[in-house]
Every structure is written in C-alpha cells, then in structure tokens.
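If you scroll down you'll find the structure; I have some questions about it.
Naming follows writing order (A, B, C, D and E), and every chain is counted from residue 1.
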Amino acid sequence: MSAGPTSGAVASTTGAAPAGAVLLEVRDMTVAFGGVTAVNGLSFDGHQGEVLSVIGPNGAGKTSAFNCITGFYKPSAGRVLFDGADITGQRPARIAGRGVARTFQNLRLFGELTVLDNVRAGMHVRLRQNAFDAILHTPRYHRSEQEATDEAHRWLDFVGSTGDRGSAVRNLPYGEQRRVEIARALAREPKMLLLDEPAAGLNHGEKDQLLDLLRRISRLGTAVVLIEHDMGLVMEVSERIVVLNYGKEIADGTPHEIRTNPAVIEAYLGSEDAEARAEAEQVAQMSDEEIFGEREAQS
Amino acid sequence: MDYFLQLVLNGLFVGSFYGLVALGYSMVYGIIKLLNFAHGDVYMVGAFGGYTLLTFGAGALGGGSLVALVVILVVAMVMTGTLGLVLERIAYRPLRGAPRLSVLITAVGASFALEYGIAVAYGPNPRVYPVGFGNASVTILGARLTVAQLLMMAVAVGLMIALDQLVRRTRTGRAMRAISQDPKACLLMGINVDNVISRTFFIGSALAGAAGVMAGAYYGKVDFLMGFIIGLKAFTAAVIGGIGNLRGAVLGAIVLGLLESFGTAFLGAQWRDVFAFAFLILFLTVRPTGLLGERVTERV
Amino acid sequence: MSKDTHQSPPEQGDSGFVRAVEERGSSVVAAAGKGLTPRRSPGPTAVSRAISHPLFAWAVVAMALAMPFINSSAYAIRISTDALIFVMLAVGLNVVVGYCGLLDLGYAAFFAIGAYTSGILATAFDWHIALTLPFVIVAAVIGGLLIGGPTLRLRSDYLAIVTLGFGEIIRITANNLDFTGGPNGIFGIPDFGSFGLRTDIATYWVTAAVVSLAVLASARIGRGRLGRAWRFVREDEDAAEAMGIHTYKIKFAAYITGAIFGGLAGVLFAAHQTAISPMSFNFLWSALILMAVVLGGMGSTPGVVVGALVIALLPELLRGAENWRYLVFGVLLIVVMIFRPQGIWPHRVSEKQSKIEKRRAEEQAKAVPA
Amino acid sequence: GGGGITDGGPGEGATSGDIILGMLTPLSGGSAAIGPYMRNGGQLAVDEINAAGGVMGRQLKLVVEDEACDPKTAAAGAAKLVTAGTIVSVGGYCSSATLPTLTIFGKANIPMIIPAANSNDLVKDKLPNVFLINGTGAQQAAAAVEFMKSEGSKAVALVDDNTSYSKDITTRTAQNLKDDGSVAVASQQSVTAGESDYSAAVTAILRAKPDFVYWTGYYQEGGLLIKQLRGAGYTGKIMVADGSVDKQLVSIAGESNAQGVFATMTQTPQTIPGGDQWVATFKDKTGADPGPYSPQAYDAVRVAAEALKQANSTKGEDIITALKAIDGFEIFSGKLKFTEEHTLTEGGFDILVVEGSDFVLNK
Amino acid sequence: MTNVLEVEDLYVNYGKVEALKGLSLTVGEAETVSLLGNNGAGKSTTVSTISGVVRAVSGRISAFGEDITHAKAWDLVERGIVQVPEGRRIFSRLTVHENLQVGGYTVRDTKAIDRRIAEVYELLPRLAERRNQQGGTLSGGEQQMLAIGRAMIADPKILMLDEPSMGLAPLMVAQVMDVVRAINARGTAVLLIEQNARSALKVAKRGYVLDSGVVSIQGSAEELSQDPRVVEAYLGK
C-alpha cells in the first residue's frame, strides 16, 4: 500500500486534468460573528481534480469559508456536502478523515517537532499500529514506523523541501516551512486540498516553484482549492475562480472572464484612483504575459 | 438570629477576604500566566512582618493602637511589595522564555523557602498579634457582623474597584494586558516589559501583605503555614472568576466563600471543600472560561 | 518565521503549554528588553551521546536491581523503594503533562485510588495484593473517565484547577468515609511476600521490576503513533484536528494512561507502606510529582526519572536539617531551574541524521524501479 | 543494622556500647512545634538515668528522627532508626504517621513505647511490640463524658479537626453519650486544621444551641475556635482535649475568652502536686519550658529503661516480656500496668481549667 | 544629505545559524529605502536587530548620530524608531482600538494619540468598521492594516516595515503603498522590506538586495529595476 506520490512525477506544461464530478458542494453557507457576517449565503462547487481559486478583498470571508468547510467554524446557516455526504458542522477531525486537508493562513506547524514528525502527522489516521505494538516493539510496529518514515521523505521530496528533516521545524526559513505544511497536508492523501495563501511571503522565484508544485499536486488527482492574493499565480494555475466580497459570491468563472469582469476590478483589482488602476493593470497585464508565456523583461 | 442571612454574611466576609489575596494573585497570574504558589506565603510573610513591627516597633507609634496598625499596614505592604520584586527578579525573570511550567518549580521553591525561612526565624510555634479588632458588632436583620468584618469587606471591594480601573483604563493597565498576550510585540510598542511586570508584582505582593496584616489583626494568630491554604483558595477564586480578570477574581472569591459557608451548613464542615470543588467542576464544565473570562471564537 | 506567524492567541486555541513552547521557540528573541544572542543548543557531546545510547538505560535498570547488594540497610532499601515508586508516578504524569501538555494538579488522586482499592481489598477480604491489580486498573480508569470526561475540553489553566479539585475531593472523601478508615486510613496491608528474602528487599525488587517496565513502556508509547499524536495535540490542537486526529480522544488516552500508571504506583505504595492514610495524597504530593516532571524535563523519560529521584531523595538526604530542610530544598529548586530552565535532562528534538540518511538511501534504491 | 539480603533480622542490638533509644517526633511541617518538647523530655530522662549509672552498666543514647506527621517520612525515619541500631523506640506523635512504622519496628523486633500517639488503631492488630503510655481516645472520651454529666450539661457540641487523634475522641465521646443517653449530642463538626476562619462551623454550632462545646483538636485551631465562639456570642461551657492543653491556647483565644475553659488531660507535672519541682529541673536542664508531651516522652524513656533493667537484655522479646510484666512503676499518669492490648489500665485523666494565663487542676 | 540610520558591518547568529554576515546599510533623512532578498536572506533579522529585539554579535548601529547598538528595544521606540514586525503580532485579545492605543504607549499626550488614531481610521476605514472587534479575530489583511496603523500612532522618525503587503489584496497593496508614501511625505524615513519588489521599488528611492546575510546589490530604485539580476529574481523574467 505504498502511498505517496509516484516518485519522479515532474512538472509538465500541459494544462491540468479536466474537471471531474462534483466533490464539494457549498450551499448558501452563512457565518456570523456577533455583528459581523463573515460569509453571507455563499454557494459554490468544487470538482474532482480541479484547481479552484477563491479570491476577494481582505475580509471578504475566504478564510472563514475555509474554516466552515473544514469544521473549524460552525456555519450559522447553509450546508456543506463533500463527496455526497453532508459534513455541515462535523468536527474537523471527521471532515479531515473524509479526505479534506488544509493549510492555514498563518503557518500552523508543530514548531517543536521535527520536520519528519510534522509530515507523519498527516499519516496518523492511516498507520496500522496500536499502543501495545509500540510497547512491545512488534514487527507490525517496526513496519508501520518504517513506512511512515519512507512516505514522509517521499512527500518532502515531492514538495521539494531541502532543509534538515531531523530537527525542529521552527528553525527552517519561512519558505521551507510553507513547503513542509503542504507536505503534511498531502500526507493526509486528501481528495481535496485547501490552501490558504500559500504564496504569501514568497518571492518571485519561489512562487514559480509553488506554481509547479500545485500543478503536480493536481496531477495526482487531488482537487485543489486555493485562496491567494497573488494574481499572477491565481490566473496561471486555476481552472476556475470564485470571487467573494463581503461574504457574497460576486463572480465565478475562468481566469479570463474574471480578469475582465468589471465587478471584480471594482471590488478587488481596484479602480478608484489612477495609482490603484495602474497597479491593477500591472497585475492583470503581468498575468497575461505569464499565461501566454511571453518572455520580455519590463520595468 | 436569622440563620440563612448569617450564612450569607459569613460567606461574603470569608469571600471578600479570599478576594483580597486573589486580587494580587490574579494580577500576577494575568500578566505572566504564573501559578504563583509563593503568593500565599508572601501573605504569610506580610502577617509576620506586621507582627514584628507591632511587637517591636509599636512602642514608637504609641502602643498597639489602631493608628499604629494602619501605619504598620502601610509599612508591611511596602515590605511585601519589595519582597515580590525580589522574588520576581531572582526566581521568575531568569526563566522568561523557558517553558511556562518551569516557573512553577521556582514558585514552589520560593514558597518552601519563605515558609521554612520564617519557621527557622520565628520558630514553628504560632505567634499571637499584640493588638486586634474588638468584638464590636452590628446586627443586620438578626445576623451579626463585627465592625472589623465590615471594614475588611469594604477594603476588599474598594481595592478591587481601584485595581480594576487601573488595569482597564490606564496606559499601564493596557500595557499589562498587552504583555500577557505578546511580550515581544510589547517591546516594539516601546513598553518596558520588565518594569511593568515588576510593578505588577509589587502591587500584587503588597496586597497580599495587607491581607496578611489584616488576617493577623483579625484572627490574632499567625503561623508559618498560614499562607498555604489561602494561596490555594486565591488560585481557585482567580480561576472561577476568569483568569486575569480582577472583578472576576473577587467575584469568584465571594462565590467560593458562599459555597463554603453553605457547604458547611448543609453537609457539615468536613464535606465543605468537597461541596465547593464539586460545584466548581460542574460549573466550569458548563462555563469553561469562568464567571467573567471572555470567550472568543477561535481564529484559525 | 513560524515563531512570528503564530497568530491565534495562545489563550484561545492552544493550551498554555503551546504558549510556553512558542515562547521557547523564539526565546532567541529577547523578551526582557535587552536582546540576547541565543545560546546555542547543546550539541551532542561525548557524554550526552553515551547516555542517549540504549544500553545506558539497561545499565541503569541493572544498577537499580543490584542496589541491595551495594547497601542493604533497612534505611537505604526503604528510601530507594520510595524513590522508585515516585519515579513511577513521575513517568505516569509525564504522559499527561509532558507528552500531551495537559496541566494536572491532582495526579495524587489516582495514586490514592490505586492505594485504597488494593489496600481495602487486601485487608477487608485478605486477598493477595497482586490479585487486586485488575481491580485497581478498573478503578483508576473509572476515576479517569469520571473527571476527564467532562473536563478535558477545558483550557489548561481551568483544567489545572479542576484536577486540583478532583485531587482534594478524593482525599477528603477518603478522610471522611468509614470503609476507607477515616483519617487513620487502612493499615496492616500485606506485602508481596518475602520469597525467602528480607521482606523489605523482596518488596524492593518487586517494585524495581514493575517500575522499570513502567518506565520502558511509557518511553516506548511516547515514541509510537499514539505518543506522536499526544505531541501533536500538545503543540497545536487545531493543526492536529486538521490532520484528522480526534484531539479529545487523544487527550483522553493520555489522561487514562496516566491514571493507570498512578493507580499501579498506588498498589506498590500500599504494599510498601503497609499503612495508607489520606494525608499521603494531599495537594503537596501532586505538586511534587509535577515538579519531578518539570525539573527533569517535560516529555523526556530519562529526564523525568532523574527529576523524580531528585525530588524524592533530596528532602530525605536533608532530613537532619529539620526546619532548614525545606528551606534548603526550596532554594536548591530555584537554583537548579535557573541553570537548567528546560529541565535537568530536556527532551532533544532531533532524529539521528545518520538514520535518516540510511533510510533515504534505501528509499532511493526502492524508488528507482518504481 | 540489617546486613545481608535474606532474613535473620536486624535489631538484635549490639551487646556493648551505648544502648540506643530511637524517637520519632515531628521536627518539620505543621506540628514541628511539638518535636522539641518531646525531645527535651526524652533527653532529660536519658541524662538523669545515665547520671545514675545508666542501665546494665551501659549508657543510654537518644536518637531523634523527624516524623513530620507524614506517613512516608515517618516510615523512612523508622527505617533509619532501625539501621542506627535502635533497641527500643520511645517516639510516635501523629497516629496516622505512626501506623506505618509499627511493621518496620516489628520486623526488626524493636519494642515501641509510644508516648503521644494514642489512637486505638495502633493496638488494634495486637502487635506484640506496641505499647501505649498515653491515655487512649476511649479513656479520654470516658473522662470527658463523666465531666459533662457532672456539669449537668444537656446538649453537647463536638468539634474535631479531622485528624485521626481528634476524630477518634469525638466519635467515641459521641458513642458514649448516645449509650448513656442523659446528654444529647447537639452538633458534631469537623474543621480543617491550618485555616483561620471557623465562622461557618461556629454558626452551625450556635444554631444547635449547645450548652457545652468539646474541642478535641490541637491548641492552634482550638484558640481560634474559642475566640470565634465567644466572639459570636456563645456563653456556654467549653472544654478541650489534651492536644490543646498549652499556654498558647490561652494567648491565641485571648485571656478573657479563655477563662473557665476546661480540659481533659492526663496527669502531668504541671497539674499533680509536687510537679512544679520537675518543671523547675526541666527548665534549668533543657533551658526551655516543658510543653505538650514532654512528660510522656520523659516517661517513655524511663519505662524503656525500667524494662531493660528488668529484662537485663537488649533482645526485643525479653524487653517485651519485661514490659508486659511491669506493675506499679510510677509514671506521671499514675502506677503503670499495661492492659491486654498494651494500653494504660488507668488513663489517669484529670479535668483542668484555665485560670489567668494557664491551665490548673479543676477543684 | 545626512543619514538618520547607519548600520555598519553587522553580524548576527541564531545558535549555529549565521543570519547576518557583515551587513551595512544607511537610510537618509526622509528617505524611503527598500530591502529585497530571498527567504532567509536576513531581512527580518536586520530590522529586528536595528530595533533591538535581536542582539548583534558584532557591528555598529547608529541613529541620529548616536550609537544604538546596545540600546534597549523599548527605549528605541521612545527615540522614534518603530518596527512593523513580520507576521503582524497583533494583540489578539485587545480590541482594534486598544491595539492602536497601545501603539501610542510612548506618547504621553493623549490628545495627540486620539488625533492620530482618527487619522488611521481615515486612511484605513476598514479598521474603523472593526474598532471594537478583538484583534485576533480580524482577517489576515485587516490585521496587517492594524499592524501598520498601530506603528503610525507612535509618530515614528524611522519606520521599518517588514513585508507590509503580505496577505493583502492587490487593491490593498496599492493603498498601503500610498500610506507609506504619505508617512514618508511627513518626513519619516522608511525602511521597507518587500517580496513584492515591483511595488516596493516604486515607492522607494533606493534599495538594497540581501543575499544570505550580506548586501549583494544596491543602488537607486531605477538602477535596481534595470539590473538584470534583480529583474531575474524579483520582478519576474
């Protein structure tokens, strides 16, 4: 049952696999905190093997939506279905057990534990081993421990983590930690992976690597839902984009549709003052180049 | 006499007395999350300080008059406050950044050191305060309460209000709360973290000292282990009230006092603490952050 | 760095312990106003390598068993037995506090449950004390369920007070009830038998054997799947949940495991003391056990063993000092902690690079054909 | 003591050199105050006996170990005394701390003459080596009930501090009163030692409207209880048990409050005629006042010496036989003769009363 | 023009890790300087060392002509050197408003504090909406805004921002950069750490590129945005 990515999976430039059947259904989900309504009657679908991006202004409700889907918040209204089953309001562990894995907007690694242990966390539910095996050091114990270690290494290789895997994860540079967190989530072998701003704090080069990683993940057949503010990345990697504002969906479509959608420019990419528009165009334009692969330095 | 009312009054008095100690405990606890097991012993040292001053210094202040008592109260507060500073400096500060529980060890260590330091200095026999409050008492609807008790309740409530204002309104108070959440960020706000923490210890310990002197004068007997139980009660009260919340601390203390009073009445004194703790456990299971501890939806 | 990106306030999601850990993580950054360049983490010296070698553990066990041949005086045997029982308590609590990060201030309760259950069964129905073991385990587990059930959801500080309360309730109840012998407790409890030896030495060997096994067991659970889960929960409950780990069940497992260890230690205690009374299970005991764990180094089995030996033997060695005894004890505690803030023998976060490389190699080898 | 890991028993005792008497007594912890009192009492006796030529031509030596009123510490202390080669144990203060030491001394067949601890549980198992020379709870309870009746009290409130010593007396008193029937038990309370505020208990007591309150704990709490009882307006009679018989009780309660407080107490030099002579020597030899259990400790040593003399041997069995045989040996509580279960035939309890700043015999 | 901040030959270690290996930089009066570099290059370490939170092994830091290498962190704020830390470090149990008030801890004049808070609400209206919400419950972006606003209350002479655009929506990035300009326009010198080199170099007058603990490239914003290495690494091929 050797899990983990088939080693040697490398980036290819051809587009990701075509979207499959519906995997995640969010139906008019609402989350309110006292006065604030973070998510307001939100509905959208996520398909098998699809890369779906959720974008929107700060405070639009993206993370809250994630927290509802993964069970960290209880939606005050609406339903969430995953793989046909209603998972509304179930505790995070159960939802994760069904094959939903996530990363957090603010890294939530087990700082004091080794990189390997962090990744092993993802495999916890799959390991066939109990306390008595551990106490008596049964063959079963040794086997599962070994599998765990091997698999952890494979996932770390997969995300291209190079740091020392035997020491506390908190001593790694930020970018490395981001990778480890993704490896941990992948080790869960999820049907769907939710990533909350994985590119935050990465520089250009690292974003390219992330892009490649995302493609390889979706090639594994894992559906990816991505929250990101980096338009370059979003436009390039996603097959579909959902745009939120004030907890409501204001647009849903292909990158190209979204990029040219006035409502989105208005609310997100920006259009108030010249400065912002320039900025927005920068972004839009930059994404174009990257998508159509034009190679041309610009200042 | 009105039995029920008497029980309430007993509870209120004992509670507000616990409150005096719990206040200081809660302050320190609130700011550095330290289970300060030495707090009760600072209270004990305060009581002995007062005793020493009264026996040897009282002459200068015109005998064991109540005036003398007040003067001595202040002196004792300064003494214990300073003791708090010293404790923080040698036993707690060096462990900033160490696992939180490490400080628990030094706290217990300090507690032992203080208790048996006094035991060595004064001998294990209890000492008797040369002055005390009289038995003068008022009768409220058939239940009696001595003037001294009224006095101490007033002091407890007064102090609670004062400190609460300090923590909520003032700049220092905000700093205290900020430190309890992220000392490092506080440095970047220009807050002299050490200094604020020291001040907190001073106030907290001074309060304990005051309570100690009052206990000595009111109950008449002081001994080197008198701080242990009251320390636990203060901790309990602080937690019921909601950690780091001063109003909560006093409220919690009063609840505890009432619980004990009624527990004794209904189940007999030997079941008192069982009653109190059992209630506490049930209470916390339905109100997991204490009486006034704010609940915040987690943010992930 | 993660040290900086830990947003959700410790007071909310995470146990206070996580805060501790978080603070430690960045203890390199000055909290005291004056920055400090971080002291380098102690690299593996010859000594530390020697003592971290598995054989070392067995050497210690062997020494423990050989003790009576070194000094067989009644006194030496007696305090060594006491110390070993204390070690058992410490490793038990280490599961709860060290591995799982649950602050338990009432651990003596389980100690008491174990001691009383076996004490009563052995005296009232004069059973052989060994026969009481299964009942002790059941009793301990029930105790754990009763108190853990409703309260393990609480945050560490509230959990602390609840466990403290539980400890007091057990003690006072034992003190007030008749079938527990009231304040005098249970006396005339039989020992394990003398096997033709001096009884105290026989008791010592039984204790030593049981405790060694207990230490081994706790160390191994800590390294296995369950042990890892405990650490995950300790470090970050949300993240653990997100990985499909039912944190509540995991905490429960830790608490119950601790309870069982405590209960068994209670049996040893009862057999050794022959008389047990409530005052042997007061809050101070719970505090001392906790101190053994922290002093030794939370989550580190060898550390906790050392810590327990120190806490158990130091006051005994200072016995002559009368009231100075605890004065000195207290001061020593402070001094030790100041010089070893992480504990005498802290848990080292690292997997042997050599091992890793080896596995990597094998891994690569396997990978190629695939 | 005890070489070798197989049985064959330590405690045979050396046949030359000092004869070691071991004393367990609280020197640290909450009851630490008592330790010095007992040690001084024992030492005084040892010195006197040695001055008079010792026993069997050998000198006595008193070895004191801390008991801290904690079972574990006590047990360790006992083991240490065994290892030190103790011949007779003359200590034991807290009953629950003394219980675990019984088997330890027993296995080393060392006779125990227990001066202070007096719970009947100590002799319940009829261990051959255990002797109590302090009046038992039963005897004290009997004396107390006797007096309550003679005072013509109708409703009695019993208050203990939840320790074995104290609870033992209250439960037995309550039992005797029930059996007797002429006096009602109005209320029975247990307070927690070490606290300061007993208002809850006081309120409960007053509610029961007793005309007689019997406190069976120690003086620290006793003083406070009396003070708070009087403070709350209780005017009836108050009596305390021997654990509270100490000047300090009066000063804690306050002289005015303590006047007329009775006490059940085994006869001690402070009370028996001519005793002041002993007190004087005690003062000038030890440089300290005798306190609770000084006389009993003094007696324990003398009884031990007597038994050794009669046995003319340091073997445990011989000493035990000698102890059983003792008849009419003068100790403060009267002529010594052990009952079947090795307790005093005559508890020798008197009633004392507070006059001025101290207890005196109640006429 | 005079330099308000001078860093000379700075060395910093974390245990074994050598984070800074002889870094030098200067910030002129009322100048905006940006600091670029890969993850782990040492940018955060640099600002943390300047603001006295991390201690240098060797080297010299001076501000306004005085040596501040060994000054206490809190004291530096008094002197007007303020840092917006990486990862925001909001006081999660304090309300937005209280967070801002704490930001003005060193300001004795409460009037001034209220005035500046008002300004911040002006500049970042979302904070005004959330003024009574607990900091910890803000969205990532909102927290970032709060962190910046909080620093402004102290009215810094030198403001150091560690990746202020992290987690901000494009529109917000533009706004924040405007805020930075505004602050700078008031005569505050700014040291700006950015991953988003494009916008950073728009705001900044000069820039440094850090590479594993040392300055590898430096120059005016124009020069840098032309420099092929910079373009390659930070602006996108």
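Everything that follows uses one rule, which is that a contact is a pair of C-beta atoms (placed from the backbone, for glycine too) under 8 Å apart; a residue touches a chain by one contact, two chains touch by 3 or more.
Please read these numbers as outputs of a predicted model, since none were measured by experiment.
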item	value
Third chains touching both subunit D and subunit B	C
Which of C-D and A-C has more C-beta contact pairs	A-C
Most distant chain from subunit B, judged by the mean position of its C-alpha atoms	A
Distance between the centres, which are taken as Cα means, of subunit E and subunit C, whole angstrom	46
Distance from subunit B to subunit A - Cα centre to Cα centre, in angstrom	50
Intercentroid distance (Cα basis), subunit E paired with subunit A, Å	29
Distance from subunit E to subunit D - Cα centre to Cα centre, in angstrom	75
Of all residues in subunit D, the ones touching two or more other chains	28, 32, 35, 162, 190
Set of subunit A residues in contact with two or more other chains	33, 72, 104-106, 108, 173-174
Where subunit B touches two or more other chains, by residue	116, 119, 124, 181, 184, 187, 192-193, 270, 273, 296-300
Subunit D - residues contacting subunit C, complex	1-7, 10, 27-28, 32, 35, 65-66, 69-73, 75-77, 79-80, 82-83, 95-97, 99-100, 102-104, 107-108, 119, 121, 124-125, 162-164, 167-168, 190
Interfacial residue positions of subunit C with respect to subunit D in the complex	68-69, 72-79, 82, 175-176, 181-185, 187-188, 194, 196-201, 273-277, 279-280, 316, 319, 322-323, 325-326
Subunit E residues within the subunit B interface of the complex	51-53, 72-78, 82-83, 85, 89-94, 98, 101-103, 105-106, 134, 136-137, 150, 154
Complex contact set, residues of subunit C against subunit A	1-3, 5-8, 21-22, 24-25, 216-217, 220-221, 223-229, 231-232, 235-236, 238-247, 253, 257, 349-353, 355-356, 359-360, 362-363, 366-367, 370
Residues of subunit B touching subunit E in the complex	171, 174-175, 177-178, 180-182, 184-193, 294, 296-297, 299
